[in-house]
Structures are given as C-alpha cells and as structure tokens.
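Here you go, one structure.
Lettered A, B, C and D in written order, each chain numbered from 1.
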Amino acid sequence: MRPKSPSNNRRRFGAAPSSAGAAGPADSDCSTRIDPAEALPQIQFQDAVRQRHAASLAVWVFLSTEVMFFAGLIAAYVVYRYDYPAAFSACSHHLERWVATFETADLLTSSLFMALAIHFIQKNARRLSVLCLALAFLGGAAFLVLHGHEYATDAMEGALPGRFYRLAELPAVGAPMFFALYFFITGLHAIHVAVGMGLIGYLVVQLLRGRYSPAYFNPMEGVGLYWHFVDMVWVFLYPLFYLIH
Amino acid sequence: MNPASLAPEHPPSAPARAPSYLTAETGPKSWLFTHDHKRIALLYLGTVSFTLILGGVFALLLRLELLTPENTIMQAQTYDRLFTLHGVTMVWLFMIPSIPTVFGNFLLPLMLGAHDVALPRLNLLSWYVFVVGIAVTLIGMIAGGTDTGWTFYTPYSTTSPHEVIPVLAGVFIIGFSTIMTGVNFIVTIHTVRAQGLHWMRLPLFVWGIYGVSIIQILATPVLGITLALVCLESFLGTGIFDPLKGGDPVLFQHLFWFYSHPAVYIMVLPGMGVVSEVLPALCRRPPFNYKAIVYSTFGIAFVGFLAWGHHMFVAGQSTAANVMFGVATMGVAIFTAIKIFNWVGNMYQGQVVFNAVTAYALGFIFLMIFGGLTGVALGTVGLDAHWHDTYFVVAHFHFIMAGPTLLAFLAALHFWFPKMFGKTFSARWSLIGAATTFFGFFATFTPQFLLGNMGMPRRSYAYLPRFQWLHVASTMGASILAAGLLITLFTLIHALFFGERAPENPWDATGYEWACASPPPPHNFEVTPVITRGPYEWPVIPEEARRAT
Amino acid sequence: MAAGSTSQFFNTYMRKLLFLPRQGATYAAQVDHLHYFVLLTTLAVAAALTVTGLAFFVRYKQRVPGKRGTRAGQGLLLEVLFIGTPLSFFLLWLGMGIDVYLHIVSPPADAMQVYVTAKQWMWKFDYPDGPVAQGVLHVPVGRPVKLLMTSRDVIHSFYVPAFRAKRDVLPGRYTEYWFQATAPGHYDIFCAEYCGAGHSYMRGQVIALPPAQFHAWYAAHSRGRTAQDDANDPAVGNSLVAQGERVAANQGCLKCHSVDGSAHIGPTWLGLFGRREVMTDGTALIADAPYLTESMMAPAARIVRGYQPVMPSFQGRLAAPEVAALLEYIKSLHDLPLQVHPPEGPTYEPR
Amino acid sequence: MTSEVSARGYLVNWIVLLGLTALTFGAAHVDLGGWNTPLALAIALTKAVLIALVFMNLLHASFTQRFVLVGAGLLVLLLTGVVLLDARTRFPLATPPGSQRWLHAHAGQLP
C-alpha cells in the first residue's frame, strides 16, 4: 500500500535533524510485533511528536466541519421552534423522556470507557484497553437499540415528518415540522454513532493485532476525539428535543 | 544565474540532473496511486482544465442564444438547462477547486520547505472524490435536465418536474472533496513547516491558501446539509422548505447563502494570493506592506461569514437584517480595497518586468477595481432594490469573481510553468493571449452593466427587443474572450512539447519554491532546508560562493 | 431636488447616459440620485487608481535586465489613509442607501390596496371590491398604491424597472410593495426571480391613468363587464374561485362535501388538492386536477377508502369552464383559513 | 500533548456529567418562567466543555486545537442568531401561516 521509494529515501537521508528533543521512536523498546513502517514517522514530518500533533489536529479540524454540518439543522430548529412554540412543546412532551435520559447517561459512560481505553494503551496495558473499547462499543450499540425503539413507536403512532404525519392530538400546523427536524437531526446523529462504532470495531481488531503501542496510538486518539464529539452533540440534542418546557 | 540554495554552505546541485518527479516513475499506475503532491496537482490541473473548457462552451452557447429576443438556436427548456450547467460547472467544478487544488497542492510543500503535504493519502482520496462528484453532477444534470439555476431555490427545486436529486448528490460529493483539501492544507501549514520558517516568514500565497482553507472547512458543510435537506424535501415531502406545510423558503436562502457568500471568497482569495506572490517577483521588490495583506486575508475570511444576507435584500427579509448585512458588506469590501492599494503600491520604485504574467496580474487588479466598487454600490441596500436579479448583478459577479479567478489561474499557470514542467513558453504568444483574454472579458461584461440598468432580469431566455443590441455586443465580446483563451491554451500546449529547457529560476524570483530544481525531484529537497531569510529577500550570497557560480 | 433647470438637465442627461428607464415612481428619482453620486465617486476613484498604476508601470518599467527595485512603502499613515477614506465613503453610501430603502419599504397609510397573485408565468390583480385583471394593473397617477402579493406555486419577484424597485413574491405568504406613479404611461412588469420555463414570458404592464380616467375604468369594470384590454380570461366576470363556489352551491356539491374539514358523506374539500388519498382497493394517489375531474365525471371509478359510491355522475351537467372554476375553488381550499375568500385577504395597517 | 489525565480524573468527570444530566432532567419539570431553555442550554454547554477539556485532552492541547471548536461554535451562534433576528422582525404576513407572529398579526381578523 505504501510506495517503495520513501522508505529507502529515509535511509539515504538518515534521521532528519529533528527539532524537538523527543527520543526518536526508532530506538524505543517497542515490542517486535510493531510494523516498522508504521512506527517510523512519515517522511514529511521531522519526528513522531509532530506526526501525532498533525494527526490530532486533523481530527480536530474535521470535528469543526462536523459542528458546521449540524449548524444548518440547528438554525432550522431554532427558527421553527420560534415560529411554532406551542406545537414544539406539545410534541416534546409526547416523546419518551426517560428513554432519552438513559440514552444520555449511556453515551456518557461509553465516552468514559473510550477515554480509559486511550489511557490504558499509553500505560501499555493492551488487554484492559481492548476491554474498554468493547464496553464503549456496547454503549454505542445500546444507544442505537433504544433510539430504534423510539423511532419505531413514533412511526407506529404516525408521528412522522411532513406528508406522512397522521397523529391527531397534536396541533396540525407545527407538529409535522417538529418531527421532521427530530428525525433529521437525531437520525443524522444516529448515523454518526453507527460510524463511530464501526471505527471502534476497527480499533479493536488492530489492537488485537498489536499495531498500537505507547509510542504510536494516533488512530486510537483520533477515534476517541470523534467518539467524544458524537457524545457532545447528543448532550446538546437531548435538552433541545426532549426537555422543551 | 541560480542563487545558491537556501543553506549557503550547500554546494551547487550536482551536474548530473537528479530524476524529476515527472521522470522518476512512469506508467498509469504511478499516476493513479501516487502520493506525491506534485503529481496530484497535475491530476487536478487536467480535471480543472477540462471543466473550464466545458463551462466555457456552455457560456458560448448561452451567449449565442441571446443574440435574438426570441428563439435563436434552442428552446426555453434547453436554455434553462444550459445556464444551470454553466453555473454549476463554473462554480463547483472550476472556480472553487482551481487554484487551491492545483497550485496549492503543487506549491505548498515547496514553499514550506517540506517533502510532502501532511496527509498525502487524504490528498489522493480528495482527487478521486472530486472526479466521482464531477461525473455524478454532469450526468445528473445532462440526463435529468435540471433547470433550477446553480442556486436551487426552493420551492421550484423541490417541485420542479425535472430530476434535481442527482445534481444535489454530485455537488454534495464535491463538497467533501473541498473539505478534505481544506483540512489537508491547514494541517500541512501547521505541522510541516521547515525549521526557521515561523509565521511571519510565510509567503503570501501560503497565507492566501490558509485563509481559503479556513473558509472551505467552515462553510462547505452547511451547503452539504442544505442540499441534503432539499433532497429529502423533494423525495419525501417532509415540509422543511415547503410553504404549504409550514416550512419557509427564505430559510433555504439563508442556509444556501451562508455557504455561497464565503464560497465566492473561496474562489477569489487564492487568486489574490497568487497576485500577491507574483507581483513582488515581477516588480523585483518586496510587497508594499506584507502585514497589511496578511491581515486583510483573514479579514476577508472572517468578515466574509457575516455578509451573506446581501443576496436576499429583496427576498422578503426583514429591514433590520438588511441593515446589518449592508454594514457587514461594507466591512468586507474594505479588505479588498486594502489589497488593491498594496498591489498598485507594489510597483512603486520597483523594476517592473513586462510579460504575460504581469499582464494577467494587472488585468486582475483592473477587474477587481471595477467589480469591487460595483459590489459596494450593490451593497447599499437602496440601489440593490433596482439591480437585484438583473444583468447588473451578472456583470458584477463576473467582474469580481469569474474574471479575476480566471486571470489569476492563468497568471499562476504561466508563472510556475517552468517550475512544474521545466519548459518555457513563447513570450510573444502568451502576451497576445493574455491581452485578447483581458479585452474579450471586458467587452463581454461591460454591456451587461448597461443591460442591468435598463432593467433586464437575469436568467431570461426571451427579452424585449430594446435590449438586443447590447446582447449582440456582449456576444461579440464573448467570442474575443474565447479566442484569447484558445491562443493561451495552444501556446502552453505547444510549450509543453516543444518549449526549450527552462533555467532553475527563470524569473530570478525570491520564493522558497525556486530554491529546489525545476521540475523538482520526487521529494522536493535533497536535504530538509533551513530557512534563514524572509520570503521576499534575495538570498545573501557570500562573496566566494558568488564568484564560484 | 429643487426643480431648477440645471439639476433637471443633469438628471435626464445622467439617466440617458446610464440607459436608465423613465423615473415612474416618486422614489425612483431618489434612487437615481444616489446612483449618480455613487457612480461619479466610483469612477473618480477607479480612474485615479488606474492612472497611478499606469504611471508606476511606465515610470518603473525595467530597462536594465536583472536590476532590482528598492523596498519602499510600509508607512502606517499610508495604510490608515488606505483604510479610512474608502471606509468613510462606503459607510456614507450605505447610510444614504438605507434611507432610500426605508422609503421604498414603508407604504403611506392612505395607499390604495391591490392584491397580486403570481402564478406560474402570469400576474393576476384583484381590486378589493372591484374588477379582477390579468397581466395589466391599472393605477391612478399621484396616489400611492400598495400591493399585497402572494404566489400560488413558486417564488416570483414583482419588478418594475421604471419604479427602480422589486420585491419577491413568496408562495403561501404575503409580501408588500408600494409605489406612487408620477406620470401617466405604460410601465413594464418583469418577473425577476427564476420560476420555470415561462419565466421570461411572465411580463405585465402597469398602466398609470389620470385619476378621472382611472375611476371611469374602475366603475366600468367592477359591474362585472369583462375588461376589454385585459388578456381576457373566459370567466373573468369576477374571480374564478367565487365562480367555482357558486357552481358548487347550485350543483349541490356542498350537500355531501364540506369545505371546513369536517367529516361528511363525501371527502372534505379542505386541503384536498395535492393530498395523498388511499382508494378502496388500497392503491394510493395524489388528488390532482385529472383525478378530481374524473371523479366528477365517473365517480364510481375510484372511491376514496371509507366512503360509499353514492355520488351521481355530472357528465353533461357541468360545462368545461364550470369544471375549471370548481377546480380553482377546490384548489383555493388550503388548510389556511385565509384562503377561503381570497379576494379580500387581510387588510393590514402599515407600521 | 504527552501528559495525560489520571484514570481517577476521568471517573470524577464522568460522575459530574451524570449529575448534570440528572440536574437538567429535573430542572425541565420545574416551571422557571422564561428561564427553562437558557438553563438547559447552560447545563448542556458546561457538560460539553467538561467533555472537551477532560475526555478530549484540551487541557494539554495547543492553541489551534482549542480555537477550532470555539470558532465553529461562534459560526453556529452567528447563523442561528441572524436567522432568528430575521424571523422575529420580518413583515408579519411573510412568516409561515399559523406561526406565532402570523396569528398575532391576524388577531381578530380570522373567522
């Protein structure tokens, strides 16, 4: 997958004059199962510290695009909530608040396990790290199951967006708009949770193959940042949809 | 005369020329799976040139149709599809990706003294996503017959009898390619700078690309979500923008223009970066005020986010919002004015070398003056009531966005042609091409200002006979513009095959990118350079090294 | 502007120089004066910049190859000057522009009310208790006229170049546009917002008449006689929808179909047009014009689930214009209570 | 980026977050006049900041990483604020029918 030329260039140039004094990864005592190409910093970075900084900065910048991705929907939510206050409040009471509260707690716990997983890999406790990743994965799965249940009950009652709206007791003008926004925003968030679970699965597989070590765990840190961000989005969606007074 | 490379003690490059990035590896596989930022730049150059020619053909067909008030060569339906094709192709397929992806990719690592961009695999992925996006968009538009204009205003786009979803999906995909490029460049500028290259020594082109990347990553997602909402609206009838179901079409315009106004700065800021880089080299003196240009780049990037509402002055928006957007528009206009003053000032006490690149740069400044000031006139809310959605606005945004981006793209292509291909082009023919293109552009769009004053609405297939002679003048101008572009195209293609070998630094420019060989070796620098001087100071050559070269 | 001859000459000279149409509305002159001021200052600045640029270019052209320029500029005072002067001009223009804009968007209290309905590719004008005209708007000279505009399908934009102002027309909403004609004459109306294939043909005319002639025209047409010079619409005696309501009443449709959403023998007509209906045999369809016409002529063909096939056929009892009027009436019965009697619409007092 | 938060730090942060969730849930059932929504948003913001600082290691991150989310957040506020400003001060009849400003404009005129 990586073209041949850069690695022999590395040898021809010798170690580049690394500005930061950090000990070069090549001579740290990582175990033999580490893939040599993965451990050495890529050619365009002077040393591993810069590469790790670049990896986490890339994820942070990506997270800002994700924030802007939800920005359009939040703006739509705010305008229509301002236009139809009574309908939004009635619909919010219609949703199941207990289930949502449990979902919030569940995602927070899953976030904790992800943080612990990264914490343990830095202590080189690989088995504990895999355990925490699995628990984070289960947290995401529980969230999706509960959320699927909520969508099912809403669909049965006919509380669906726009044209498909059938529910009788809620005000007919604002309610389809609430449910349109509800399904879009929480649906988009659920997709992000599903993608996050896929990434955690990839991490578990790589961890079991011994790819990561205290010196090189950038992908884990990236997925961790993404997972915490998904949890942070839900922290805002929870009061916006379920706790309208 | 090649100034010694950056580290003065380094001996001049060995006589046996090292294989350049073009000749190091050959075969399609080495191009399609390359991680080399220079090859990816050339892939983008090919794609972007194709879309420029495509957009130009659509424009010529539009101008031909407008020769007579009624049916000239096509029906109303075809005309509507064509101006949508022209709009989408030029905006998303040429102008937004053109300078950042081609010259940003090629030059950023060279100007930062790095071996490659920070995320090379993401760089290649962004090209593939871009090509897939182009295919989906063009096929969707041509097969589906989208006729909503590049702004997709609801409720016409959601209830239009013609297929809209594939085009929205295509633009959605291209949006991701833009985000990937933006993320890549920001991380590159932050983490792979050579030793000694602190922030205030960055070349102005790098600052331009940095400002553009910030807008790209913060604005494009809002377009993505808006187009997704329109898809769901037209497919499921969910009512977000449907007035009969309680939705609000003006909200669509808010979300769309929240992206599209910063998008016009995504299109023109790289051009400003190119001119800010080219002018010091051709006037043989440092820029007039380095810090002023850097701060105005960030001024445009951030204040650009505040001014989207001036596209909606007459769309039923509240007067309070109109006043706010008017003030924000004036705020943005002032940064462009600062840049223009600095460019003109750059020639003061310089030694101006006159060739095609200078012609393009001066043409860029002249169009920018006209476009900018008509933009300010449009920004005064009172005049916009008359000019909005007429040909005055069409002329304005071509003068401030289309023309300058095109001229800056050609200026960059000519200035860095020796660096990219190692060949030189014929000075005479490139100058003729530049002059014809500039005059053709000016002749095409000045009549449209007058059409706007007469009150002819834009996007109209048929018009009243009294507008006809101005349309004929504009179409003549368009043919001159097309001729100019063809001359430039042939000059460059001719130079590609028959041009003689270019010296290392044909313009004797001071940029860091001229320190390595042209065309550069696969990994740019033999030894990672250490920057010891500013981007616009000539390298201090110790006496003995000067005598040796 | 004092009507001194010099300013009059300057106004017409500049107007013709810039290809601007006649100044048909009172505020058109104000817009034009701001236009001239902005244009002249802009041309002065552009000319100054171009001349300086050319002067630098010629003065500092490289004559000796390889010679280098000197570092100059960087003066802070110069930068402040570069920022200060343009910004002050920009904000001055903005202040004047907003003043003109506020005048354009605030109609006087005694304005004459006209309802405008934009439909894909034509304009329809309803006078509150007077005639209905299509494509032609008759207005008295010297009296402010306020248009309350809505659209039946997509966004259009009511634009009269001679009045120097336009306003988008939103579907399902009302937007406001006012003017006061200064001189009798014909002023072109364009649609400025792209609205489909016929967008460029969606033109109309504002005919400004002296007050006496206007009142004569108004009286002649409000007694139901078809306006000769309107683009004639067969049943334009009074609005199509009111016609449809009368046909529904005397043909007995309202005996089985309610109009306010309440359940009845037949499906309610409120919000029927465009609604998804499920038939007895389970197939679903959109209740559009073809389906409604078919259910008038052959009701038993497709019955909505939950209703009995008791409706008689109206084949031969309903003429084509009557069917069209009925369709218009059904179409106007959105779930917006406002639409029940469209000619009146809300009389909204200006701010 | 090298020094990390201790495992105990994560656990404490987790407990505080759960507490805040319970708090916002409880506060939603108490009628605080107009203050319900601002309070809920304030609690949500504190939780988000806690997650960012502790779980996402912003405590030891460079300035750029801190600025990134703050910048995006400001743009969200900008878009939301201006769109809301337009909805509140628009010509009353240009708002969606049945919305609060439309009903207010029609007080007494509807049948």
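By our rule, a contact is a pair of C-beta atoms (placed from the backbone, for glycine too) under 8 Å apart; a residue touches a chain by one contact, two chains touch by 3 or more.
From a predicted model like this one, the values you see are computed outputs, not experimental measurements.
K.L.:
Quick one: most central chain, C-alpha centroids?
P.N.:
Central chain: B.
K.L.:
Looking only at C-beta pairs that count as contacts, which pair of chains has more of them, B-C or A-B?
P.N.:
Higher C-beta contact count between the two pairs: B-C.
K.L.:
For subunit B versus subunit C, what separation do you get between their C-alpha means, in angstrom?
P.N.:
So the centroids are 36 Å from each other.
K.L.:
So how far apart, in whole Å, are subunit A and subunit B when each is placed at the average of its C-alpha atoms?
P.N.:
Comparing mean C-alpha positions, subunit B is 33 Å from subunit A.
K.L.:
Report the inter-chain centroid distance for subunit A and subunit D in whole angstrom, where each centroid is the mean of the CA atoms.
P.N.:
The mean C-alpha positions of subunit A and subunit D differ by 19 Å.
K.L.:
When the centre of a chain is set as the mean of its C-alpha atoms, what distance in Å lies between subunit A and subunit C?
P.N.:
47
K.L.:
Note the residues in subunit D that touch 2 or more other chains, in rising order.
P.N.:
Correct list: 64, 71-72, 75, 79, 83, 87-88, 91, 94-99.
K.L.:
Would you please write down the residue numbers of subunit B that are in contact with two or more other chains?
P.N.:
Where subunit B meets two or more other chains at a single residue, that happens at 190, 218, 222, 243, 246-248, 250-251, 254-255, 258, 316, 319.
K.L.:
In subunit C, what residues contact two or more other chains?
P.N.:
170, 172-173, 175, in rising order.
K.L.:
Which residues of subunit D touch subunit C in the complex?
P.N.:
On the subunit D side, the touching residues are 91-98, 105-106, 109-111.
K.L.:
Which stretch or stretches of subunit A touch subunit D in the complex?
P.N.:
49, 52-53, 56-57, 60-61, 63-65, 67-68, 70-72, 74-75, 78-79, 82-85, 97, 101, 104-105, 108-109, 111-112, 114-116, 119, 122, 173-174, 224-225, 228-229, 231-232, 235-236, 238-240, 242-245
K.L.:
Under the stated contact criterion, what part of subunit D meets subunit B in this complex?
P.N.:
Checking each residue of subunit D against subunit B gives 64, 71-72, 75, 78-79, 82-83, 85-91, 94-99.
K.L.:
In the complex of these two chains, what residues of subunit B are touching subunit D?
P.N.:
Counting only subunit B, the residues touching subunit D are 190, 218, 222, 243, 246-248, 250-251, 254-255, 258, 305-306, 309, 316-321, 324.
K.L.:
Help me check something: in the complex, which residues belonging to subunit C touch subunit B?
P.N.:
18-21, 30-31, 34-35, 38-39, 42, 45-46, 49-50, 52-53, 56-57, 60-62, 64, 66-74, 78-79, 82-83, 86-87, 90-91, 93-94, 96-102, 104-105, 153-155, 157, 159, 161-162, 164-168, 170-173, 175, 188, 190-201, 274, 334
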